[in-house]
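What follows is a set of notes on a single structure, which appears directly below.
Chains: A, B, C and D, in written order; residue numbering restarts at 1 for each.
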Amino acid sequence: MKTPFYYRRPIRWGDTDAAGIVFTAHYFDICMETIEGWFLDVLELDWFAMTHDHGIGSPFVHAEVDFHAPLTPRDTLLVRVDVERQGNSSLSLALTGTREVDGQCTFTGRFTCCFNDLASFIKIPIPDELRHRIDDYQRRCAE
Amino acid sequence: MKTPFYYRRPIRWGDTDAAGIVFTAHYFDICMETIEGWFLDVLELDWFAMTHDHGIGSPFVHAEVDFHAPLTPRDTLLVRVDVERQGNSSLSLALTGTREVDGQCTFTGRFTCCFNDLASFIKIPIPDELRHRIDDYQRRCAE
Amino acid sequence: MKTPFYYRRPIRWGDTDAAGIVFTAHYFDICMETIEGWFLDVLELDWFAMTHDHGIGSPFVHAEVDFHAPLTPRDTLLVRVDVERQGNSSLSLALTGTREVDGQCTFTGRFTCCFNDLASFIKIPIPDELRHRIDDYQRRCAE
Amino acid sequence: MKTPFYYRRPIRWGDTDAAGIVFTAHYFDICMETIEGWFLDVLELDWFAMTHDHGIGSPFVHAEVDFHAPLTPRDTLLVRVDVERQGNSSLSLALTGTREVDGQCTFTGRFTCCFNDLASFIKIPIPDELRHRIDDYQRRCAE
């Protein structure tokens, strides 16, 4: 597994709006694709399996993006994921989106999800196996 | 014009994900619909006309949402818009999403856009006419 | 209940792409909003309740749109729904999208869904109560 | 260049709806991603550059999909593109979406676009260079 995790994402026509740049709301689709990929590769956790097979959810309680430079379909993004904080039930991730061609930072984001029991919507502690993988990723990113 | 401005938005099937609730990224579509409606009703400003006819843009530099309770297609949202801060070029709006049926707050959001010249992407001061309408709205909300 | 059913839909900034017109794929979001509204108003059937409370689905087996004229956020759409054909399990709807301001037809569409048992994904006959409402709507549209 | 062209697309959480399968309208996003990729790889044509640098558009005049089997985030799609017909101004493509794991056909689609001058929205003939590349692709697919 490569560390840190990067999601490579060409900007597409469908991401744009009438100003010719990526539409504000679409950044959050791109961020969710990034985070889903990180869960799959780094935590070996598939949201769909977690939900359907294990009755566990990880709904987001906070999502934010700061936009530093516009993006167009001429760009390919590289989105890096860092662990910002691991709580008892919650996990905060920091995302950094740079243009592949010149490394310019185009956006930064912070996303926090909270593990819960899907049936009751009551918080549960992050399972130990995941906790170890998150710690491990954080350690390797810091090296 | 009604003050404060509320955007009424039934939750739809297409807003949901496999957990049976509104997908994280879709909240930002709903918030952008809300803000576009506020610009149109309160500022009498149409984003498409501003962009195409006047060469002025208002790209967002910050967008964030805190999620307090899940939403399903059984819900209808009421999203209230308040002016948080008006800078020289920037405008920060506070959004509050409540369930119509019982008034429960389901999310809060903060969105900041920055007026610019579309050709150069250089910041411009908020035009005086808009500034007055924003002030006026803020005053009437505070009453 | 008004017959025929019309869904009124202002075109929004988020519907557009870098050509300044509504993006091809977004027409299908608009059509699904229309059909969901028709099910709710005319058939008194809520997709979410049908799925979650009754274990019945109505997945689409066919969707098509012919595009006659571009749309921008200067336009408001009126989308009319007609029943094209009611089979044993399937229902075909014809959609006609016109510009509110001048009645120009901007697109036409055909969508076919098929009722099934969600657990087995096996087709089921359209329930009698729905069948009567569909017949009734078709009759009133023809008058 | 590989012939035929295949777009490989993992199904993601954000593609799903509350029935736990890919939402009808999202298939059209996936198809547009596929076609954009085919234009780029096979025709060496970038929609954004074509629009912004050359004032030429290729709006879609028809889009349809037949859905044969549901998709979930457990699936990865392979979408094949074939040329169905090349007219004077129009180009019809046939899409076939199969599950990577077992080759099961999950959907088929037909999409027709029409080249035009963006300023006047008047049809233009397909430029010769593109015409040759389209012919060439069709020939190699038939071998």
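One rule holds for everything that comes next: a contact is a pair of C-beta atoms (placed from the backbone, for glycine too) under 8 Å apart; a residue touches a chain by one contact, two chains touch by 3 or more.
All values reported here derive from a predicted model rather than from experimental measurement.
Enquirer: Would you say A-D or B-D is joined by more C-beta pairs in contact?
Expert: Counting C-beta pairs in contact, A-D comes out ahead.
Enquirer: Can you give the whole-Å distance between the Cα centres of subunit C and subunit D?
Expert: Roughly 24 Å, centre to centre.
Enquirer: Between subunit B and subunit D, tell me the centre distance in angstrom, where each centre is the average of that chain's C-alpha atoms.
Expert: Chain centroid spacing, subunit B to subunit D, equals 34 Å.
Enquirer: Report, in whole Å, the distance between the mean C-alpha point of subunit A and the mean C-alpha point of subunit D.
Expert: 28
Enquirer: Residues of subunit B that touch two or more other chains: which are they?
Expert: Correct list: 13-14, 16, 18, 20-21, 23, 25, 29, 32, 48, 52, 72-73.
Enquirer: Is the chain-to-chain touch network here best called a line, a ring, a star, complete, or other?
Expert: Topology of touching chains reads as complete, every chain touching all others.
Enquirer: Using the touch definition up top, name the residues of subunit B that touch subunit C in the complex.
Expert: 12-14, 16, 20, 29, 32-33, 36, 46-49, 52, 72-74
Enquirer: Would you mind writing out the residues of subunit A in touch with subunit C in their complex?
Expert: Those residues of subunit A that touch subunit C are 13-14, 16-18, 20-21, 23, 25, 72-73.
Enquirer: Hey, which residues of subunit B end up touching subunit A in the complex?
Expert: Touching subunit A: residues 18-19, 21, 23-25, 27-29, 31-32, 48, 51-52, 57, 59-67, 70, 118, 121 of subunit B.
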